[in-house]
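Each chain gets a letter, A, B, C and D, in the order it is written, and its residues are counted from 1.
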Amino acid sequence: MIDDAGIVVAFWILSATTVICALMVAAARNLIHAVLFLALTFVGVAGIYIVLSADFVAVVQVLIYAGAVGVLMTFAIMLTPGADRLNSSTVFQAPALVLSALVLAVIVFVALDTEWAISDRQAFSATARSLGEAFLKPYIVPFEVASVLLAAAMIGAIVLSREEPEDERAA
Amino acid sequence: MPHAVTVTLPGQAVAERIRSSLPPAVRDATDGYVVLEPAHAFEAMQFIRDDEQLDGKYLVQLCSVDMITRIDVVYHIASLAQNHIIEVKVPADHEQPEVPSVTPIWVGAKLQEREVYDLMGVVFTGHPELTRLFLWDKFPGHPLRKDFMALPGGQKPGLSQFPKQVPGQTGGEFRPRVPGTGE
Amino acid sequence: MAIKSDLVEVNIGPQHPSTHGVFRMVAIIDGERIVDVKMVVGYLHRSMEKLAEERTYTQNIPFTDRMDYLAAMTGNLGYVLSVEKLAGVEVPERAQYLRTIFAELQRIASHEMATGAFINDCGAWQTPVMWCFRDREKVLDLFEMVCGARITTNYMRIGGVAFDIPDEFLPALDRLINDDLPRRFEELEQLIVGNEIILMRARDVGIVTPELAINASLSGPMIRSAGIAWDIRKADPYCVYDRVNFDIPVGYNGDSYDRMVIRIEEMKQSLRIIRQCMSDLPAGPHKVDVPLALRPPAGEAYSRVESPKGELGFYVVSDGSSAPYRWHVRPPSLINLTVLREMTVGQTIADAIVTLGSIDINVGEVDR
Amino acid sequence: MIGALLAAPTALVTDNWWDIRDLSNLSGAILDLIEDAGGPGWLTYVVGALLGTLGIVSFIGGVAIINIWIERRVVGRMQSRLGPNRVGPFGLLQPVADAIKLMQKEVLQPRVADGLVFTVAPIAFTVPGIALLAVIPWGRNMVLADLDVGIVFLFAMSSLAALAVFIGGYGSNNKYALFGSMRVIAMLVTYEIPIVLSLLGVVMFAGSMNLNQIVLFQADNWLFLIMLQPLAFLIYFLSSSAELNRTPADLAEAESEIAGGYHVEYSGMKFGLYYAAELINAVAVSTIIATVFLGGWWLYKIDEIVPGWMIVIGKIYAVYFVFIWTRGTLPRFRIDQLLAFAWKWMTPMAIINILLVAGEVVLWEETGWSAGLLLPLYIAINGAMTAVLIVAWVRVMAPKFQRYPDRPRMYDGIDVPSLPAPASIGPTAPGAAPARRATV
C-alpha cells in the first residue's frame, strides 16, 4: 500500500470537492443543476468512505444515493406542476446565512476541542463479509423490522398513487 | 354457389319503392339512377338504409358533378348482403349549393363530404365538422367547379392538339360546354 | 387520486418516420394515453380530378399510377375498366388474363410493403422490412421486364394491355411463383405469425366492430378483419376472377393483428390465382385498337376494383367529347381513415402508430 | 525462447515479461524498472494504475469502433444484405469514417436547451460504462481493481447511467426527448431489481462478491455458472437488454414512435458519444455475463495455452452476438408491457431462484458432501426448475390472446352477416368497441 502521503492527498481532494459541490447545491440557480451537484456530493462522500477503507458502504452509497436518490429528486422536480425551475431568492436568505454560520462555528469548535481516539491505520480490510455477518447474527431483529417497515411503506405508496381502474370508478 | 354479380337496381324500381313510403321525395328516375328532392333527401336516405328490400347499409361513394346549371351530388349506396348498388342524385343550386349531410346515417360520408365541400363548395347542413379537407382555409374558391379558371383570361390549359374550343373562344369570357350537346 | 397531468398536443408527422408519407396526425395526449386525434391531410393534393377533365381518356391513365404509387397496376386496371364499361369496348381474352396476373402481382408487392412497414412500426429493427423488400424487388423486376417501369407502370390501355409479355416472362414468373415466393412467405410467417411480442403489440389494438366497418364504408383488409367476408373480386368479378377459384381470408377481432395476418394470407391466395391464370393463358391479340381520342357516348359509369388497400372505384361522366366531363376516384385509403379516431382514442401513442401502420394508407391516394 | 513458449503448453504461465499470456508480467516488469531506477514509492503505484487504465481504455476504444462494424455487418447479413463494404476492405474503415464524420460535424445546441446539462449528459453516460471494466479479471492476476465488492460496484455504475440519460433528455428541452428520458428512467429503475436479484444467486454460490473469486470458483469446480444458474442467466440477460435499451426493449429511442428519444437534439460528437456509449455499455454488460456466467478467463485447461484475456474477448463477442441477434429479429415491447414484464415475471422468478439457491448452498455447507457429487445434482435440479417455472409462469400469467386463432378463416364466397346499423351516428360512432386493454 502506498504510505500516508497518498491517503492524505486523496482525502483533502475528495473533501474539497464534496464541500464545493454541497455549496453549489445551495447556490445553483437552476433546480436541475442543484440535483446534479447533489449527486456529485454523494459521489464525493463515497470517495471519503473509500479513504476510510469502508469499501462496501462506499459502493452502496454510490448505488443508493447517487443512483436512486438523484433520480428521485429529478422526478420530484419534474412531476411537481408549476414548480418554477429556478432557485427563487426568498426573503429568508440573510437569516439562513447567519444560522448556518452559527452551526458551522459549533461544529468546528466541537471538532477541535474533543480528543479523538486516533487509532493507527490498519491494512485495507474487506468489510463486506463482516457487515453481512453483523446483519444476520447480532442485529438480525432490527434488520427484519427495517425490511418490514420498508415493505409497508412501499405498499402504501402504491395504494396511494394507484389510479382507480375504470370498472371501480364506474361502480 | 353461382358467382354473384353486383346488380345495379333500375332507377324506376327504386323510385317506386321510395314513393311507396315517401311520395314527395322522388323528383324523377331514369334506368340508371334516382333523383331526389333536396328538401326530403335526408328522410329518403334514411329510408333507403333502413328498408329491408333496398337494405342500403353501405355507402359506396359520394361525389359531386358540376352541371353548369346545377350541382349534382351523386351517392352510390350498396347492400352487401343482397349485393346490389343504388345510384341516387340530389341536385343543388349552382350558386349556393345546399344539401342535407348524410353523416348521421353513414359515418363513411364524413370525410367524403368534407372533400366535396372543399373542392366543389357544396355546404352539407348537419355535418359534424365541415371544414376544408385538402386545401388551406383561406383558399379562394373551389377548384373543381367548371368556372374555376386555371389560367387568367379564360384560356383552358391542355388539349391544344385536339381543338375543342369553338373558334373565337381563345381568350375572352368562358362559354361552358353544355353537356349532352357534344359540341 | 390520479396524478393530475395537463394535456399535451403532439404532432405525429408530417415529417415522421412511420406515417407512410406526408400525413399528419395531431394527437392530444394525457401522459401516454391519447385523448383526441385530428387528421391533417392535403400535403400531396395535386387535384388530379381537375387535371383529368382537360385530358383525353388515354392521357388520364398515367394519373392512376401516381395516385396509389404502391399499386399502380390496380389503379390503371380500375380506370380502364370503367372507361371500357362506358364506351362498351370488348377486351380480348389474353388481355383479361394478363390483367389478372399483373393485378395479383401488384397485390403481392403492395402487401409486402404493408406487412414490412407494419412490423417496422411494431419495432422490429428493419429485418422483416428488408425481407419483404427483397421479395418485392423480384416482383418489380417482372414489371420492368414487361412495361419498362417498376413503380409507375402505366401498363393497361383502354381495350387491353400496352405490350404483350416477352418470351422469358413466363419462365421467370413460374420460377418466382412456384419455388421462390412460397418459401419466402413460409419464412415470413415463421418470423411473424404467432410471434408473442407482435401478438402483445397488435392484438386488441385499433379495433373495428362489424357494424362500424359497414357503416363507415370501410373496404379491403379493414372490413375483412372485422369479420365480414366482402371482396370485390368475389362480389363483382371483373377480368377472369369468376373463372379462377381462390379464398378470401377473414379476421375475428377487427384488430391490427388480424389485418396483418389477412394481408399475408391474401398474398398466398394471389399465388394460387396467378398459377391458374398462367396455366390457361390463351393466345391471341393483347389489345383491341381504340382511337387515341376516344369519344365515348355521353353518360356515366361507376366501376370498382379490389385494390390492395380496398375498393378502388372510378366514376366517369362523359359528355361525348374526347375528355371526361367529370372524373371521380373512390379512395379506399381516405375512407378507411374515417375510423382512425374511433380506433386510437384511449390507446397509447405506440398503439396509434401500430394502428396507422395496420390501416396501410397511401398518402398519394388519400390526397389525390 | 520460442521453443520455451511452444514447449510449455502444459507448464503454467511463465513469469518472464515476453510471455504475453499474462500481461501482468509485462506491467510488473515495467514497475520493477521504475523501482530499480530509484523512483519514489507512490510513483510505481500511480504508474501501475495508469498502465491498467491505459490497457482498458484502449481496449474499449478499439472495441467500440470495431463493434460498429461488426453490428452493422451481422444485422446486414440477417437482413439478407451485405452491410457496409464500400469504405476500405470489407468496409472495415466504415466506423472510422463515421467517427471522423461525427467529429467534424457541428454540434448544434437548441437555444432553449440547458447548456451545462446538455454537455455533461453524454459524458456522464459514457464514464460508468468504461469504469465497469476496471473490476473485470482478464487473467489469473490481471485485474485493475481487485475490489472485494466487485458485483455491487457494477450495480453502482449502471445506476449512475440512469441519471445521466435522464438529464440528457431533460436538458435538450424537447417534447420527444422528454418522452424518451421518462421512459428510460421508468425502465432502468424497474430493471435494476431483477438484475440485482439474479446476480445475488450467483454470489451465494460463489461465496464472494469478488469477481476473481467467482471465476476461481468456476475454475475449481470445473463448471460454468450458467449451468448451475440458467434462470439467473436468463433473467440477467433479458433485464440487461432492457437496461441497455436494446431491442426488444429499445423504448428510449423508438424511432417509429418518438423519433429518436433522448438523443434527438444531439448532433456531432455529442451524439457520437451517445452512440459510442451504447456500444460501450453493451460490451460492458457482455463482459459481466462472460465473467460471471461463462467463467471469465478460465476455459477447461485451455487458458494455460491461450492467453486468458483472449478467452474473455472471445466470450464477450459470443454474448455480444446474441445481443445483436435479438436486436435483429424481435419487435419492440410497449412501455407498460415492459414494466409489467419486469414486475410480474422477472422479479418473482428471481426471488424464487434465490430461495432455491439458498437451500442448496446451506445443504452443501452443512452436509459437507464433496462438490463432485452435489454439483451435477444441483445442475439437474436448477435446469428442471427453470423449465418448470417458465412453463408454469407462462400458463398462469400469459395474457389470454389465444381466444382468437393466429390465422384468419377462409371463405370462398362473400358472406355478410345482416347487422343493424349503429343506433346514433355522432362524430365518434358509438358502434366502436371500447379499446379492450391487453393486460399482460
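Going forward, a residue touches a chain if its C-beta (ideal position, glycine included) is under 8 Å from a C-beta of that chain, and two chains touch if they have at least 3 such contacts.
From a predicted model like this one, the values you see are computed outputs, not experimental measurements.
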Chain labels contacting chain B and also chain D: C
Remotest chain, chain A as reference, centres from CA atoms: B
Gap in Å, rounded to a whole number, between the CA centres of chain B and chain A: 74
Distance from the mean Cα position of chain D to that of chain A, given in whole angstrom: 28
Between chain A and chain C, centroid-to-centroid distance (C-alpha), Å: 61
For chain B paired with chain C, centre-to-centre distance based on mean C-alpha positions, whole Å: 25
Overlap residues in chain D, where contacts from two or more other chains coincide: 413-414, 416, 419, 421-422, 425, 427, 429
Where chain C touches two or more other chains, by residue: 212, 214-216, 228, 230, 234-235, 339
Chain A: positions in contact with at least two other chains: none
Parts of chain D lying in touch with chain B, wherever the complex brings them together: 413-414, 416, 418-419, 421-422, 424-427, 429
Chain D-facing residues of chain B, complex: 1, 4, 49-50, 55, 57, 80-81, 83, 103-107, 110, 128-129
Contact footprint of chain A on chain D as seen in their complex: 41-42, 45, 114, 116-117, 120, 147-149, 152-153, 155-157, 159-160, 162-163, 166-167, 170-171, 182, 185, 189, 192, 208-209
Of all residues in chain D, those that touch chain C in their complex: 75, 78-81, 175, 247-248, 250, 254-259, 327-337, 399, 401, 404-417, 419-422, 425, 427-429, 431-438, 440
Touch list for chain C against partner chain D, complex: 8, 10, 16-18, 32, 119-127, 130-131, 134, 191, 193-195, 197-201, 203-205, 207-212, 214-216, 224, 227-231, 234-235, 245-254, 258, 261-262, 265, 339, 341-343, 345-351, 353
